[in-house]
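Take a look at these structures.
Next come two complexes built around chain A: one with chain B, the other with chain C.
Up next is the complex of A and B:
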């Protein structure tokens, strides 16, 4: 009896499995062909030797990585890490407050507010950056308002402040959405209960909403931090190109310097940094969820 | 579901087949030509006129840097017939054996070229390329911004007087033109000590800069955000000079530099007969003039000048710099092994 049910059970399971595997082939093939394979080529190239014309010779060397220890490169890397962290923190704070605002609106209004966040996404990244040049430049509205108060000839561009503003603007939506998603699933009565029990605004956030939305916040942190490191248009157009980010470094190495192996090595370092930060976030999530289940158990 | 799989396999197979059949080695005269050129340097009107006269369909792809173009050709099987490398890129492509040597017996009208392009240093005897358009690297400045002061030398780019109002092109070789010439060296130097000295100058210059920008520097000068900028001559610069009487383009007294983009035939080009036909077509004076009339660039073709409709462009330094102005200008050539000195230096400049 049990054997037959198991057989039936197995048979049922196997059939859709084979079918779905076949259906998955185009997907897997394109991921392998367009994602995994190029990645392996980049990884291989990072150990290769460049010839004079930007080609790759077959050699095997660690020199490309050793050269990255030069303070010239580590300075760019540290600057990018710093700027990436700064952008992430600012995006998270503003993203958290925005998400909280949206979540506390009536449900039928939330869709519209989210739409307002998405709309700029439909415009090309470069066009949006050029829009910021107009806004922050000497002929723009900010300079105009300052001019009324007698501060003439003021331009935010080029400066690192403009870079931070541009980055914040570009990555804010990617911070808002994951935080919003996890906040929406928080039962509003929890907040009411906390307020009833005398928690202040700050207390409600610190002890109830912030811990419960932490998966979204950590996800948002990843989604902002990682791409910020690879940005290369904003530092040039808004920052005057004097302080390059890792993204600029990679572009320069690949094109102007015709040094694919070193470009590949920098890319690999960036990739490892990304994987490490993802692992850290994963670990943090795991710890917070086990902590929650254990506290629940002790409470029970 | 099975149908779906069969259908998807069918689609993939059809795609694979169609992509293979594109460049067959057909025997008769070619009916198409694949061109890989700088964006906007060969006007669409030229392609249209060529197709109308010969019936050969032209497929055009564009690139925005020599490096992109070279890496695409180096990857092999590009299928391109005509490519349009800049002078130093010709050297690199020849070095990598990615160009066909030109059969001069098949080329007509090469005498129409201006004397300064007849036997250039980057391609002696024009064995691999036929110059098409050319331009200069010089200085763009806003006279209102400088208080009426005329800018004539690279030294202004290094002058603390203009602190925060100077822009440099965000391009290694371009930046070193100024860095080398301001020290009295040639822009095509391969000497380690000279390049090191130029690097020092560029590092000292950095705090004075508004920024490195090779994208919208023209607008920055026109608006006065930047007073003086290193600049590439050409369409966009010429437009800004024409529209704004305060903005001037000059070649510095130290020389500045010349660039030339020419026509070459890619190694293994599938439609070589059509490629020669295209080169001959572009060597005709009235066709070459279209580079100026429709593209706003200086033609390397001397006989074309009388066909230029806006004769004012012939005296606009941002388009046709005069022979006296370019007398001291250097061709930027491939630095070869010295590339390393430039790269190390430029990395230090950027990270300083």
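Up next is the complex of A and C:
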């Protein structure tokens, strides 16, 4: 190989690499400038002092975090945590059963059933929420039917029951996709083998399907829990705004009270909870995979 | 036990479609209230299009969504192609970075951007809306494009280069035709993400740049009108069209296979 051909060769190998790095820049820059850096500013603002005009002064304080213990805030935080957990558990249980149903259909039917989940998933979030006002509201069909039986003026909206229903409706498809994804890769002969060996329905699920679909279940939990607490439309429209969630708190602090530092502190709570639950899920995934490999080893 | 599960699952599918059917049915209801059904009418649809302020918000939302989707798709194509050819270290970190906005609660991303714009005294309007919507649709667009770009045969662009194509020609004649279904999907998904966004818009819209979802939300606070049902039915129709345009198999790949 002569020096020139080697140079050409080297040149060709080097060039696409540098070119590909340039292609990555707009994407990286967008996420860093519009996502990562702004998050650092929120973190900084959560330690700042608010001035009287909706801005912030240079001060450094822990007061915003101390105020979170105030019943005004702590009540909402605890209520959101509870509602977030409740919604996650309900979504996971129903999502698990629905995924199991889809997986046990013939392959050509699975695509159609999945489409049936995809359509509501992509439907406008607001439409999905106000549809429940149409059904459950004071002028709706449910109230109409009750009216026939002499129960007049009854309405499920506003109530916390309607909020729970609205949250479930919004997050159920989100929970189904990852659970279905991991259930689909389970070898169906495992279920048959377990049944042949005498495992009951519960046994099959507890020892085979549930452990093997745990990555999807944990993923679904992550996609349900934190986003539920950040929701602010549903508590206002279906709950009448009586019991706000963390999302409502953030919106009110930023857009009505113009108290940026306090809003930033509340946002940080959400961010820290997100990181904590991600770490927890990561740990659980690691444990379940090491457990599986050690059982394999002992069996061998 | 399986029979009970089947029953529950069928119930779930009914549950998923009750609200959708209700909105569509009541959008044609001649009675002004949802308690009665007085026959069919198109009156609410007509009223919708006569509402000038609503049409203004529709124009704002469409403009923002078109710009957002186009920018997100272009950046997404670049990133997906760059990553497909990049063999160096940190590939996993780069993928995690681009997916980051999907994991961070959207409301936190919204206030984060608001903080930036209020510190830099940037007036809220179309531009801030586009930037906010961009950060939530870019990961989606990129993930769609990345899964398609990864399946491309790397020898194709090499062949094109050997045959004397410039990088731009390689892109327009080799990459783009092969990626076209993914490009269409990425654009449409970014478009709907932006068009129906309410969280980012709550913080980033300014005076005169109210988006359609914000308008719907504020009118819902005062009560549900039959016109809103008509609007909802149209938005459901839009969803159906987009899901079908993207294609069921591609939709499935995005929502199911990207999660395994």
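Heads up, the rule we're going with is that the second predicted complex is superposed on the first by the 271 of 300 C-alpha atoms of A that agree within 3 Å, B and C clash if a C-alpha of one lies under 4 Å from a C-alpha of the other, contacts with A are read in each partner's own complex, and residues count from 1 in each chain.
Simple rule for what comes next: a residue touches a chain if its C-beta (ideal position, glycine included) is under 8 Å from a C-beta of that chain, and two chains touch if they have at least 3 such contacts.
A quick note: this is a predicted structure, and the numbers were derived from the prediction, not measured.
Chemist: Once both complexes are superposed via chain A, do chain B and chain C end up clashing or fitting?
Modeler: When both complexes are placed onto chain A, chain B and chain C end up clashing with one another.
Chemist: Touch test for A:169: chain B only (first), chain C only (second), both, or neither?
Modeler: In the superposition, A:169 touches chain C alone.
Chemist: With both structures superposed, pick whichever of chain B and chain C touches the larger number of chain A residues.
Modeler: Tallying touched residues of chain A, the top partner is C.
Chemist: Check the residue A:256 against both partner chains and state whether it touches chain B (first), chain C (second), both, or neither.
Modeler: first
Chemist: Considering only the touch criterion stated at the top, classify A:225 as touching first (chain B), second (chain C), both, or neither.
Modeler: neither
Chemist: Just chain B (first), just chain C (second), both, or neither: which does A:75 touch?
Modeler: first
Chemist: After the superposition on A, what does A:26 contact: first (chain B), second (chain C), both or neither?
Modeler: So A:26 meets both chain B and chain C here.
Chemist: Between chain B (first) and chain C (second), which, if any, makes contact with A:137: first, second, both or neither?
Modeler: After superposition on chain A, A:137 lies in contact with both partners, chain B and chain C.
Chemist: State whether A:239 touches chain B only (first), chain C only (second), both chains, or neither.
Modeler: First partner only.
Chemist: Examine A:158 and indicate which partner it touches, taking first as chain B and second as chain C; both and neither are also allowed.
Modeler: In the superposed model, A:158 contacts chain B only, not chain C.
Chemist: Which listed stretch of chain B (41-49, 59-67 or 149-157) steric-clashes with chain C in the superposition?
Modeler: Given the superposition on chain A, chain B and chain C clash at 59-67.
Chemist: Do any residues of chain A touch both chain B and chain C, and if so, which are they?
Modeler: 19, 22-23, 26, 54-55, 133, 137, 139, 236-237, 254-255
Chemist: Along chain C, where are the residues that touch chain A in the complex?
Modeler: 1-2, 5-6, 8-10, 12-13, 15-20, 22-23, 26, 33-36, 74-76, 78-79, 81-88, 94, 97-98, 100-101, 103-109, 111-116, 118-119, 131-132, 134-135, 138-139, 142, 161, 167, 192, 196, 198-199, 202-203, 213, 216-217, 220-221, 224, 228-229, 232, 235-236, 239-240, 242-243, 248-249, 251-252, 255-257, 259-260
Chemist: For the complex, give me every residue of chain A touching chain C.
Modeler: Its residues touching chain C are 12, 16-17, 19-24, 26-28, 30-32, 34-39, 41-42, 45, 54-55, 94, 97-98, 100-102, 104, 111, 113-128, 130-135, 137, 139-141, 143-144, 147, 169, 172-173, 177-178, 180-182, 184-185, 201-202, 216, 219, 222, 226-227, 229-230, 232-233, 236-237, 247, 250-251, 254-255, 260, 263-264, 267, 270-271, 274, 278.
Chemist: For the complex, give me every residue of chain A touching chain B.
Modeler: Residue list for chain A touching chain B: 19, 22-23, 26, 52-55, 71-73, 75-76, 133, 137-139, 155, 157-158, 236-237, 239-242, 244, 252, 254-259.
Chemist: Quick check on the complex: what are the chain B residues that touch chain A?
Modeler: Chain B residues touching chain A: 1, 4-5, 8, 12, 65, 67-68, 70-71, 74, 92, 95-96, 170-173, 206, 209-213, 215-216, 223-225, 336-337, 339, 343, 346-348, 350-351.
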